[in-house]
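See below for the structure under consideration.
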Amino acid sequence: MLVRQSSPSQHTTVTIAGVPVGGPSMVVIAGPCAAESETQLRTVAECLTRLDIRLLRAGVYKPRTSPYSFQGLQDEGLQLLHDIKRAYGLGIVSEVMSVAHLERACEVFDCFQVGSRNMQNFELLKALGQVRKPVLLKRGLAATIEELLGAAEYILAGGNQQVILCERGIRSFDPATRNVLDLGAVALLKRLTHLPVIVDPSHATGRRELVIPAARAAVAVGADGLIVECHPVPQQSVSDAAQALSLDELEQLVRETARVAQAVGRQLPCPVERAA
Amino acid sequence: MLVRQSSPSQHTTVTIAGVPVGGPSMVVIAGPCAAESETQLRTVAECLTRLDIRLLRAGVYKPRTSPYSFQGLQDEGLQLLHDIKRAYGLGIVSEVMSVAHLERACEVFDCFQVGSRNMQNFELLKALGQVRKPVLLKRGLAATIEELLGAAEYILAGGNQQVILCERGIRSFDPATRNVLDLGAVALLKRLTHLPVIVDPSHATGRRELVIPAARAAVAVGADGLIVECHPVPQQSVSDAAQALSLDELEQLVRETARVAQAVGRQLPCPVERAA
Amino acid sequence: MLVRQSSPSQHTTVTIAGVPVGGPSMVVIAGPCAAESETQLRTVAECLTRLDIRLLRAGVYKPRTSPYSFQGLQDEGLQLLHDIKRAYGLGIVSEVMSVAHLERACEVFDCFQVGSRNMQNFELLKALGQVRKPVLLKRGLAATIEELLGAAEYILAGGNQQVILCERGIRSFDPATRNVLDLGAVALLKRLTHLPVIVDPSHATGRRELVIPAARAAVAVGADGLIVECHPVPQQSVSDAAQALSLDELEQLVRETARVAQAVGRQLPCPVERAA
Amino acid sequence: MLVRQSSPSQHTTVTIAGVPVGGPSMVVIAGPCAAESETQLRTVAECLTRLDIRLLRAGVYKPRTSPYSFQGLQDEGLQLLHDIKRAYGLGIVSEVMSVAHLERACEVFDCFQVGSRNMQNFELLKALGQVRKPVLLKRGLAATIEELLGAAEYILAGGNQQVILCERGIRSFDPATRNVLDLGAVALLKRLTHLPVIVDPSHATGRRELVIPAARAAVAVGADGLIVECHPVPQQSVSDAAQALSLDELEQLVRETARVAQAVGRQLPCPVERAA
């Protein structure tokens, strides 16, 4: 399989809008669950810029359990992201749910995210094998490591080598947290595949107060980066309000994970830390 | 929500190629995991006809963990199913994995199956809301009942009321069986929704010797029908060989479930039983 | 291993107070979650007698998540069960949680139940290997089939062959039902072990309205019997109120499962059915 | 409940043989799965002494799935631990499976471990509420956080406040690792209870090569310590051979976790690090 390491030292670096993922530096991707308004995105973008975070996440196509829940701003959201990208020079990481989205989003997104529910949407994976952009592939809610690697293989087999894997919590019996962050899987993946592996501590825990500790743990276990939800006013987030960090908390996350990154021999390009 | 019962007596009957699902009679849908050859399909079709089973399942688009596994006969398989349908007058129930499949398969399939991995492929569900054919929606590997109902709601909200739900086993910690058949969910669904609910005992157990007992239990709990994998020579099945029934075993399943159906006040149109 | 079948036809019958479990007849064990009062037990005992159910379940030692919840009537409950047993001639099936309980309860209980939480309390299992009374061993909340068989082996290895296994639902990700009834496990156990296997549809579903369908399914899959919670006034049950059947519902359960038992070639000694 | 924090700053320190658990320093408890021989224990004890680890784990009563597996050296093991303790001045942390063990082991063990399988052995918990020694309570394989806290409450309610909680991995659907290390639970527990919380990365992953990364993550998330399996010759371990670290690997674990501990503001008394 193409996803497997040929040797323990084989590590692929995937570059999103000039930002390397999988190299010596830790990467942080941050932003709101959903793009909501120009004001929201600008406030977040300014914060990211200040924290030296260069990749923005923000959904415009939202997979929702109910058809009556907010489905994302879609075309309007694409336009907003287009403008933000131009204004702030941020790379855009955002979810696509079908081949149709992919075509539309190609000019705006710098990295196509495949969500948990679509991890085995093989037709979408095959289409992503044909594009020449990075893909962030999230592990399914009950996907085994072998299934995650199999899903990535669909993209690599199509000719696209730029795949980043993402652990975002799996389903368990305990309602205390939204999901269970499986960091053993991250450690294992780093030994099985040469692809970068990042962690989403926001969906993994589903609770704001647990996101920073989970992020520290992810860095300590050896993850190549983090994708985190934040919002100017978390309580007003149209979706996933309970897990979004405030922008102050995002800064705290960057500071705390930077220290852990150093302790495990990784760098986190972080002006906050540099100044400290 | 449109999927919810307005009263305990509200039960929708969905008709596939003239066969009612959700009415007083139990329905059996049977056939191989994948369409493999004309000979294979003819042998199965003759058996179904003899057992008075009028709905054939057979995959031509196969979702597989690895991109290097057999992906189904695709266009060639469509042609085979088209010929079999004409020759034997069977209704065809078969999986679609993308909107593109849907367009191609529309003339051959009498019921579009959405597999577990695509239960929350919302773009596919929205497209299926626009067609005027029955949809068999399988529960995801780790989908809650609320998520299954939400997925069905996407189709109903689009205007297509012909949805059949299918319990096919969920993921658990025990490797002893492939999945865990969740019949409590079936009993619960029959109290929450007016839609028909059928059971797939083949994927739920993954072991040939457990399929018939599981099928009996499904009928006893109140399921409206069964979808079962069988093969002329199970050991030679290109996929899911361990769980395919032989044609003799399929006959035994029909005989045994017919008795249970009668015991719970359901009918199973079964010449074997009638003759006994 | 002593628990394994030497041949597919090897089936052990365990006799509790004269009632065979594992033979041609289905057995029903019924009663309240906890012994609460003489009036409660007499009302239940009279109902059981009328329904020809000869085994009463009623806890006097209750395993509870919180130390501040009702822990059972203990010694007082033992006395109540002793009196009921003498008055109605019922066999008593009740839980023991430690070797100390075992010594006290020996004169009153006809079958020692080991609860899910104690399935791998190996010291208790070893002690039960030394007694000469039947043991009802419930599957742990997340126990594999191999672990359940291993636990039973502890008892058999000690010299006590009178072990009945009980599937009572396993933990899953879906809060819709209390647990997930794993009937595939029952079908599998009947092929792996010669020991009788019964089902607890009350704990498996945790919802009164699902208990009867689940019981029907259990009989259909091939279980040797049922253990069911009932209460004269379910809403007033000190524990597990949501899953206790009323006595009328218990009668309905007996009637409906009797029909299924007949359909699968089993008998249920049931005057209600005989009279019908 | 006594286990709950009265304020976010309430943190209980439990002292085992003079070693504080829950204070500013991280604690490491290490040793073989089972006490096997004097030579084995001496080799381990010398290594621990060198690494400034002052608490030895080593089982003499072993809970095993099969009654035919090695059950621990029992009385002979107690004697071995007694001698090691005297010779090296190490504190002993070891499992008890019944009240009877407790009485025997009281003179040798400095901390009674309750294993996962006995987390809800309430009679054992009640007995441990009466002793005046620390208790290490491991989370059950499928125990919710509320159930773990309820189990601890049994001990506290009995009058023993010296309880340490331990996350050791929960059951999941993926056979890739033995269990799933639930570090979100650790972060949550630190916000719910004043009791110390440690992590067992050995059972959580079940694979030697994942133990050190998992240990780093546990420290980063905020755990108060680690309990780790090691063996002079891991391949020869009578139980859990796949997850035991070599003594060199144990040294590496101490070194790597010490750095992470510093990064999160914790100390790890570690001569290796001090010398570096």
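Letters A, B, C and D mark the chains as written, and numbering starts fresh at 1 in each.
The rule is short, and it goes like this: a contact is a pair of C-beta atoms (placed from the backbone, for glycine too) under 8 Å apart; a residue touches a chain by one contact, two chains touch by 3 or more.
All of these numbers come straight from a predicted model, not from anything done at the bench.
Colleague: If you walk from chain to touching chain, how few steps can bring you from subunit B to subunit D?
Modeller: 1
Colleague: Tell me the rotation angle, 0 to 180 degrees, that brings the C-alpha atoms of subunit A onto subunit D, to the nearest 5.
Modeller: Resulting rotation angle: about 180 degrees.
Colleague: Where the centre means the average of the CA atoms, what chain is farthest from subunit A?
Modeller: So the chain farthest away from subunit A turns out to be C.
Colleague: Please tell me whether A-C or A-B has the greater number of C-beta pairs in contact.
Modeller: Answer by contact count: A-B.
Colleague: When subunit B meets its copy subunit C, do both sides use mostly the same residue numbers (more than half shared) or mostly different ones?
Modeller: Looking at both copies, the contact residues mostly coincide.
Colleague: Express in whole angstrom the distance between the two chain centres, defined as the mean CA positions of subunit A and subunit B.
Modeller: Measuring from centre to centre gives 36 Å for this pair.
Colleague: Please compute the C-alpha centroid of subunit A, do the same for subunit C, then give the distance between them in whole Å.
Modeller: 49
Colleague: Which residues belonging to subunit C are in contact with no fewer than two other chains?
Modeller: 142, 146, 171-173, 175
Colleague: Provide the residue numbers of subunit A that touch subunit B in the complex, in ascending order.
Modeller: For subunit A paired with subunit B, touching residues are 1, 63-68, 97-101, 117-118, 120-124, 126, 140-142, 146-147, 150-151, 153-154, 157, 171.
Colleague: Which of the residues in subunit D come into contact with subunit A in the complex?
Modeller: Subunit D residues touching subunit A: 142, 144-146, 169-170, 172-177, 179-188, 190-191, 204-205, 207, 209-210, 213-214, 216-222, 256, 259-260, 262-264.
Colleague: Under the stated contact criterion, what part of subunit A meets subunit C in this complex?
Modeller: 142, 171-173, 175
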